[in-house]
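Let me begin by handing over the structure; questions about it come next.
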Amino acid sequence: MFVIQNSSLSFLNRNTVLWLTLSSLKGISQVILIENTVTGFIILAAIMISSPYLGLITLLSVIIGTLIGKIGGADAESVNRGLFGYNSVLTGMALSLFLSGENRWFIALIGAAIVAFFSAAMIHVMKNTGLPILTFPFIILTWFLLLTTYRMVTFKLSPELIPQDLSHWTLNIKGETNWYNGSVKGIGQIFFLDNNLSGILLYIAVFWAGWKFGLYAIIGNAAALITSYFLGGEHSLIFMGLYGYNAILTIIAVSIVFKDNQRFALLVGIIAACLTVPITASIDTWLLPYGLPALTMPFVLCSWLVLGARKVLTSL
Amino acid sequence: MFVIQNSSLSFLNRNTVLWLTLSSLKGISQVILIENTVTGFIILAAIMISSPYLGLITLLSVIIGTLIGKIGGADAESVNRGLFGYNSVLTGMALSLFLSGENRWFIALIGAAIVAFFSAAMIHVMKNTGLPILTFPFIILTWFLLLTTYRMVTFKLSPELIPQDLSHWTLNIKGETNWYNGSVKGIGQIFFLDNNLSGILLYIAVFWAGWKFGLYAIIGNAAALITSYFLGGEHSLIFMGLYGYNAILTIIAVSIVFKDNQRFALLVGIIAACLTVPITASIDTWLLPYGLPALTMPFVLCSWLVLGARKVLTSL
Amino acid sequence: MFVIQNSSLSFLNRNTVLWLTLSSLKGISQVILIENTVTGFIILAAIMISSPYLGLITLLSVIIGTLIGKIGGADAESVNRGLFGYNSVLTGMALSLFLSGENRWFIALIGAAIVAFFSAAMIHVMKNTGLPILTFPFIILTWFLLLTTYRMVTFKLSPELIPQDLSHWTLNIKGETNWYNGSVKGIGQIFFLDNNLSGILLYIAVFWAGWKFGLYAIIGNAAALITSYFLGGEHSLIFMGLYGYNAILTIIAVSIVFKDNQRFALLVGIIAACLTVPITASIDTWLLPYGLPALTMPFVLCSWLVLGARKVLTSL
């Protein structure tokens, strides 16, 4: 009994708080595949500026995910690097935004906890493939929890998410052409943020982690912006950054983070960034009858495609 | 020639009949993750009471599945434990109930045979993950065969299964609040049975295999009943046991059958049982445009989630 | 610098052209799981007769896929056997046919390139299962790219593909009963060809590779024809060969190509061929709300089912 009290005290001591702070900030930065506490802090600030409520959810979510990894006894290095936090960050934020009702913060935090278990299960299942789990657990869990709203009174869906019949769908691409918005908002959409100041702060956060991260993010976003414009996507989506955020994540994953000695890594990353555009269009169509958002699924699919292909096409 | 005749004779001798009877009864009990001939027998009786026709389908289905495992040369211990029978039981029963038309018994038995092959394929594919296949083959095959009805005149769907457009769906949770029904019918729904006497017989069958099975079944069902009531599910579904049966299966899988030395197994089992409720709501929504029932998919997903996570979160 | 020029020159020399020709023709024949240059050549002729435009797309697609395998540094034997070409052939052809608009040849060739990477990724992911990837990459990529049409102006869907609401769907199986067409057109549908001359040429191509291939193709097609007729499928589909092509591919895969010493390989192949019929009906229903064609998914699912089951049911 004494020992347990002692350890539970030590659990709250200064070292633990410091560890939790650093791991959580890294967890936030891992959303964009970066492991850097300052980057995490600037991202948190960018979210807080946009909405203090959302910032609080972000912070609590990443703490929940990280603690589950720690208490659950996962590989210590993975927990310390924030790898149990980033799916919780995204799930907490997405559920806060796409649900409505007073109790949504509670569902969001429960979701942030469940997704940490889901991440652990995915890490186990994908171990043999050598591919990273990326944000797959967040996407699937969020889709599942959003669809419960049609069957449970307590869960309320945001009125923005409307299921539509594909046979009555007509495409209207008209809308404002604002290249400045398109350049800045893409990175914001990774964190569901739709204002330019947050976008600029996020670029600062990314550049802090290394000029290469920042530069590649700009290249990836530009590639997607141009591709989506020329393929004729909806302008309202393009210039809100909704065709850009998956491209940024993909180029960082493919050309920096999960690269080993490939000579054409930047070129392949740009091609993969362009490919996220039709994949986003396609996933939006698949989800139309359910009214769900594509989230970061295009990023996950395109990154798995390239990373998996590299194991066989070893010269690329 | 003589040898073959001899062996085909011995195939029909007393030992073979005994082996087939025991393995088949265990196959029936494996539907609720129990390996016990008496439990299997009581379950068969509970089905027979509800419908002798359905009881006969159950018996023939489990024999088909077990024989395919045996003749196919699968691992003898797995066959003897009934692991090639339970998916056939569920597939045979589900197809008999959700199809209509005179010939449905035949399609049901064909389905019971195919699912045994599907189980074998799944066992192979999932070997590396160390996760059990549970009732996944039954669910997927049943969904596939039910959807053939829209394209083939010979297959006729039960008029109860109606595809609906999510954009015209409105949730109406009103309905009778009958806690007694809710307590007893959950376990019956595992076998598609909707009468209280069968429910009570099934509880006896489960308690026969061990007080722990029975007690945990009651706890799991109660957890789901309360969760679904407070989350605001449809009363007509809750008190028919349709939010309970997946919870019973999940708590037995997570806290008893696939547990090794976890300290918090009961607590995790209860949480997983509660989680089946929103997952059921979500799967019902996914399937709405196709008019398909969720079957035991929530059980499979929640169990895989916990069992997979445990391989990484080793302290839980 | 000199070395690079030298190797790039040698890349265009006679040996390289010969290698590319042979590997590409084998790539075309691999669509029906055959590795034979003459078979590949006759198939290409059958496509050319039907449409020179489609023949050109076929040729360019298979060259693209094969070159990506070669330059990417994939296992040389796999590339030489045409295993990086067949998914490109099908993707290029399908996109040319199911898209409309002047630019569709360009999208088709881009698709043929992407699917080669997808094939590589699938080969990696499925390595541990010991199952072949078959035409899975082609199916998934084609479905994805066809659905982009609803969101991007540049991609235009063929007006034949119409999404329909399952709740308003009524089955009408009436239509011409033409057993000659049914016999010949099934094999043509593997290559999206709908004329009898091409069908007969394709049979010649298959028989050239071995009488067993040809005979089994006829048996598989007949099994599916009879099954679909007696199960009451739509006559317009049956006698266009749309229930037959998956059966032909499945029986060749199960009973010839991926067979090792199974005694009942032909019987199992016939059963698998029959099973493709309800699976086709089911996949058509799943895809109805999206207006997508089933492509060769029934073949992939039925073959995986049998090949996976054989790893566990070792006597069959």
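We just call them A, B and C in the order they show up, numbering each chain from 1.
Definition applied: a contact is a pair of C-beta atoms (placed from the backbone, for glycine too) under 8 Å apart; a residue touches a chain by one contact, two chains touch by 3 or more.
All of these numbers come straight from a predicted model, not from anything done at the bench.
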- Copies chain B and chain C touch; is their interface built from the same residue numbers (over half shared) or different ones? different
- Message: Rounded to a multiple of 5, how large is the rotation, in degrees, that superposes the C-alpha trace of chain A on chain B?
- Response: 120
- Taking each chain's centre as its mean C-alpha position, how far apart are chain B and chain C in Å? 36
- Item | Where chain A touches two or more other chains, by residue | 128, 165, 289
- In the complex formed with chain A, which residues of chain B make contact? 128-129, 131, 165-167, 169, 171, 173, 228, 230-234, 275, 277-282, 284-286, 288-289, 304-316
- Item | chain C-touching residues of chain B, taken from the complex the two chains share | 68-69, 71-75, 114, 117-118, 120-125, 128, 144-145, 147-148, 150-155, 162-165, 289-291
